[in-house]
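Report on the following structure.
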Amino acid sequence: MVDINSFAVLGGDKRQAALAESIAADGYTVYAWGFDRLDLSESVRKTDLAEAVSKCVNIVLPLPVTQDGVFLNAKYTDEKVRLDEGLAELMLHKQVFGGKMGKLFATSDLWYSIDTCDYYAREEFAVRNAIATSEGAIEIAVREYAGTLNGGRCLVAGFGRIGKALAWMLRGMGAHVTVSARKPEDFAWIELYGYEAIHTDHIGHSGSYDVVFNTIPAMVFNRRLLAKMRPGTLLIDLASEPGGVDFPSAGELGIPTVHALSLPGKVAPKASGEIIKNIIYSVMEE
Amino acid sequence: MVDINSFAVLGGDKRQAALAESIAADGYTVYAWGFDRLDLSESVRKTDLAEAVSKCVNIVLPLPVTQDGVFLNAKYTDEKVRLDEGLAELMLHKQVFGGKMGKLFATSDLWYSIDTCDYYAREEFAVRNAIATSEGAIEIAVREYAGTLNGGRCLVAGFGRIGKALAWMLRGMGAHVTVSARKPEDFAWIELYGYEAIHTDHIGHSGSYDVVFNTIPAMVFNRRLLAKMRPGTLLIDLASEPGGVDFPSAGELGIPTVHALSLPGKVAPKASGEIIKNIIYSVMEE
Amino acid sequence: MVDINSFAVLGGDKRQAALAESIAADGYTVYAWGFDRLDLSESVRKTDLAEAVSKCVNIVLPLPVTQDGVFLNAKYTDEKVRLDEGLAELMLHKQVFGGKMGKLFATSDLWYSIDTCDYYAREEFAVRNAIATSEGAIEIAVREYAGTLNGGRCLVAGFGRIGKALAWMLRGMGAHVTVSARKPEDFAWIELYGYEAIHTDHIGHSGSYDVVFNTIPAMVFNRRLLAKMRPGTLLIDLASEPGGVDFPSAGELGIPTVHALSLPGKVAPKASGEIIKNIIYSVMEE
Amino acid sequence: MVDINSFAVLGGDKRQAALAESIAADGYTVYAWGFDRLDLSESVRKTDLAEAVSKCVNIVLPLPVTQDGVFLNAKYTDEKVRLDEGLAELMLHKQVFGGKMGKLFATSDLWYSIDTCDYYAREEFAVRNAIATSEGAIEIAVREYAGTLNGGRCLVAGFGRIGKALAWMLRGMGAHVTVSARKPEDFAWIELYGYEAIHTDHIGHSGSYDVVFNTIPAMVFNRRLLAKMRPGTLLIDLASEPGGVDFPSAGELGIPTVHALSLPGKVAPKASGEIIKNIIYSVMEE
């Protein structure tokens, strides 16, 4: 029998595991597949995928749903689940949540008849993710930089979600924060919040920094710009692949770099699970 | 010939190495002993201890000067220098800086005729050290706690230097901060700075936290108190040995703990070196 | 002769006076009309309107250009300048800056051939204006509320520019800040910045406040909502006419109110002048 | 009959009136004398002084108890109560609270047999008072300074209680804050909290400010220093009489000044009443 208060959590990483635990702690029945190598509490029922789907109306797929477009993303099991017509058929008449669902939809036309919600596409997911990314960036900076952020000169390149969250936290720790942007209204906000504002095109002429955080998904820190930076400046790239830093040149120029990817899943799986849960709940209420 | 603008930096850890580099970068001549296993820039002259002392008026000993009261503290060499009458004789007519010099003074009465300055005993050293300790504590919390500090409930036990610095930074990152203290005026300051205040004796009755930071060098987190805490709460002890936590009980009660010692030397050797340098300079000016 | 480095500042209030002074202090020639009752420094040349226009390429009109659609807004003179075909003719081939220029354009078709720039319509103007409005709101709250903002419970209704700036400053002073909004991503930002978030529709159920700031230009604080508020709560309405508060009902219900209008011109004419100047300069550079 | 849960509130200003209201709101019986020209709620019983004292064990005198050493300080009545042997006799066997009680004690030796508590002398009173003083100073600065504090350059002279509270709030509003002090450990704290530190002796050489707040009760801003300041700088003196500014010289040098006295009673009588109440309660519990 299908229980409308049951959830099937299928695959993913520690974020999905935390999500399963958190939904179960709210009193719902939760079936989980794909966590063979993780300890879950007894309130989450580990089972096989077909049974999990058959018992539940609400299906939660991971973020991303798939890496390769062929198999379901499931870090903590050796089992492989192929994304195919058969899987899509199982999902008919279900409410399916997932992150970055594009490649999944390409695997079967049936998906266009299924009620889906891409939680990754929700703006509030992106904002809350920026928090975890910022904290992860701070953790790296404290670990790798031999000075203290308090009193240190930090540049945040870019004033999108991560730039906004990170600059705020750095100032809150007592760093001298400069933020680069391109739009006059961004300069107004940057100065309002107590940072120095510079144009992204002028980063190279703006003095020296102890730690530079890049959040811009474009090749901003090219060899020309890197050559103007003080050797020894720590450069942490938070932009997703391929990033915004010419890493080989940085190495040659004596600029230590960290390309920090997927920080939310690493530093804050529990928080990420909560974010996804809250989006699922609010979609169910809508 | 003795050069009054020369410094001998003898032993220690990365803080002393950073100190040596920083003094050299200011244009002074710096001789260093005790860094065989560390790369230093060419501006610092590695030499043996006797030569270093003979060439300089200003001698910088590590923090602590000695661990065991027998040998000079020197993490990056296999050479052993005994603290004895002979060493003290070398230091006559020098200006000797060091950290925690008590055990050294016990090794020879000559030390009472030598001009010494314990930089560790300077209040501004303690304050600036609290910054590095706080950043190290935040780094641990981001790494070990599965949620985000932003929006998380944090307790800082104790409102001394580390408590003040840490609470300030945590609020600056967006945590909900509660601080425990005992004096009415501390409660006034705690509330002024935007934290919740509780009496240290009432920690057990004050709701649940995501991360607890202890800064009190006394057994506050005994079994009775730990038993009242929510299992899973991360407990980071920043108090020096023996700390303020009953670690075995915490383990039994399902409370993960980290006993974080000597954070300044680990997370911010460069900043620590700068602090020591600035104290040395200001003592020389006095 | 027309000097391309000359500016005519025509009418307005203390913001335009400050603007004239500031441009003059930068070394440009500034002619000003409309400030009979204000002392200006000697670097600003008071003259009549026709001469000012004839000498300059850059013409700065006030904010708003006109209150009534008939005469130029000029607070500090008794002279009246009619907005008509003749005035428009004077402006041909000039670069004309002004604030809220709509009513002006309706006075002559010639305006469509004139190069104009409405500085009020620039996003960065609105953002920087929000700072002055927020400070003015804080000034009122300190003066009118018998407690302290530090430790007080403040509600900011609305998370637009003013809501963002004001909430940030209030938290910076140590208030407990709740912000109301409607969109999930706004809730995410509100919580990130360390405030409580509530839905604007639920203000009435969200506990009691010491000071409430309304920034929403709609009748949110109607009689029904006011009836749920604690009498004595100070309610400061920052929304432009007609505002967002049922003032008669508030009076009857014992809720003291302040309808705070045009704060930037009142509390920060110099800052406002600077903002306008910077926009003019950046437009000239574009 | 004497009621040990009754309080007599005798004289003072709006702080004592707020105190009387607040104690009454907690359910205690409150008699009040000295508020003829103030409306009090019905829960506070206005009566004559002798009756109030006879009915109560807890007597609350104002802050200061007396201005002139002759009469009881009572701003809102025309009645005069002489501080003499007779008044002291009335107080025998009572618990008497008051602020700045020195001059009172000089009026009769009986006072040395009376159980008294000077709430003004309590450290937490001073700290919490610093909050109200700081907010009052900010109110003045917003009103008098033609720019915005956000982005403005502010100097806070002195790092005592008011200096600490005020600097914190100013940074929280986005000002660039410089704090002057004399001790190395104060410099460490000043920098930790994100301000610039300068030595008080070097204020004259430290660049220009938009607003200067003096908290030092000594003649720091003498003619020599004022002559080095930029004319137009707003100078707000928060030090009690005679203050720390050479006001005549400031006037001659074109430096606008405000000598702001007794701000807590003016801007936050309710908060001040709460502070006094909390001290009274905690003394009663001790």
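We just call them A, B, C and D in the order they show up, numbering each chain from 1.
As a working rule, a residue touches a chain if its C-beta (ideal position, glycine included) is under 8 Å from a C-beta of that chain, and two chains touch if they have at least 3 such contacts.
Here the structure is a predicted model, which is why all the values come from computation and not from measurement.
Chemist: Just grab the chain with the largest centre-to-centre distance to chain B, centres being mean Cα coordinates.
Modeler: C
Chemist: Would you indicate which option in A-C, A-D or C-D repeats the interface seen between B-D, with over half of the contact pairs matching by residue number?
Modeler: Comparing each option in A-C, A-D or C-D with B-D, the repeat is A-C.
Chemist: For chain B and chain C, what's the span in angstrom between their mean Cα positions?
Modeler: Result: the chain centres lie 51 Å from each other.
Chemist: For chain A and chain C, what's the span in angstrom between their mean Cα positions?
Modeler: About 39 Å, centre to centre.
Chemist: How far is the middle of chain A from the middle of chain B, if each middle is the mean of its Cα atoms, in Å?
Modeler: 35
Chemist: Return the residues of chain D touching two or more other chains; collapse runs of consecutive numbers into ranges.
Modeler: Residues 131, 150-151, 165, 168, 171, 174, 192-193.
Chemist: Considering only the defined contacts, which chain B positions touch chain A in the complex?
Modeler: Touching chain A from chain B are residues 14, 18, 131-132, 134-136, 138-139, 142-143, 145-151, 165, 168-169, 171-174, 267-271, 274.
Chemist: Mind listing the chain B positions that touch chain C in their complex?
Modeler: By the definition above, chain B touches chain C via 150-151, 171, 174, 191-194.
Chemist: For the complex, give me every residue of chain A touching chain C.
Modeler: Touch residues, chain A against chain C: 122-124, 126-128, 130-131, 165, 168, 183-185, 187-189, 192-193, 279, 282.
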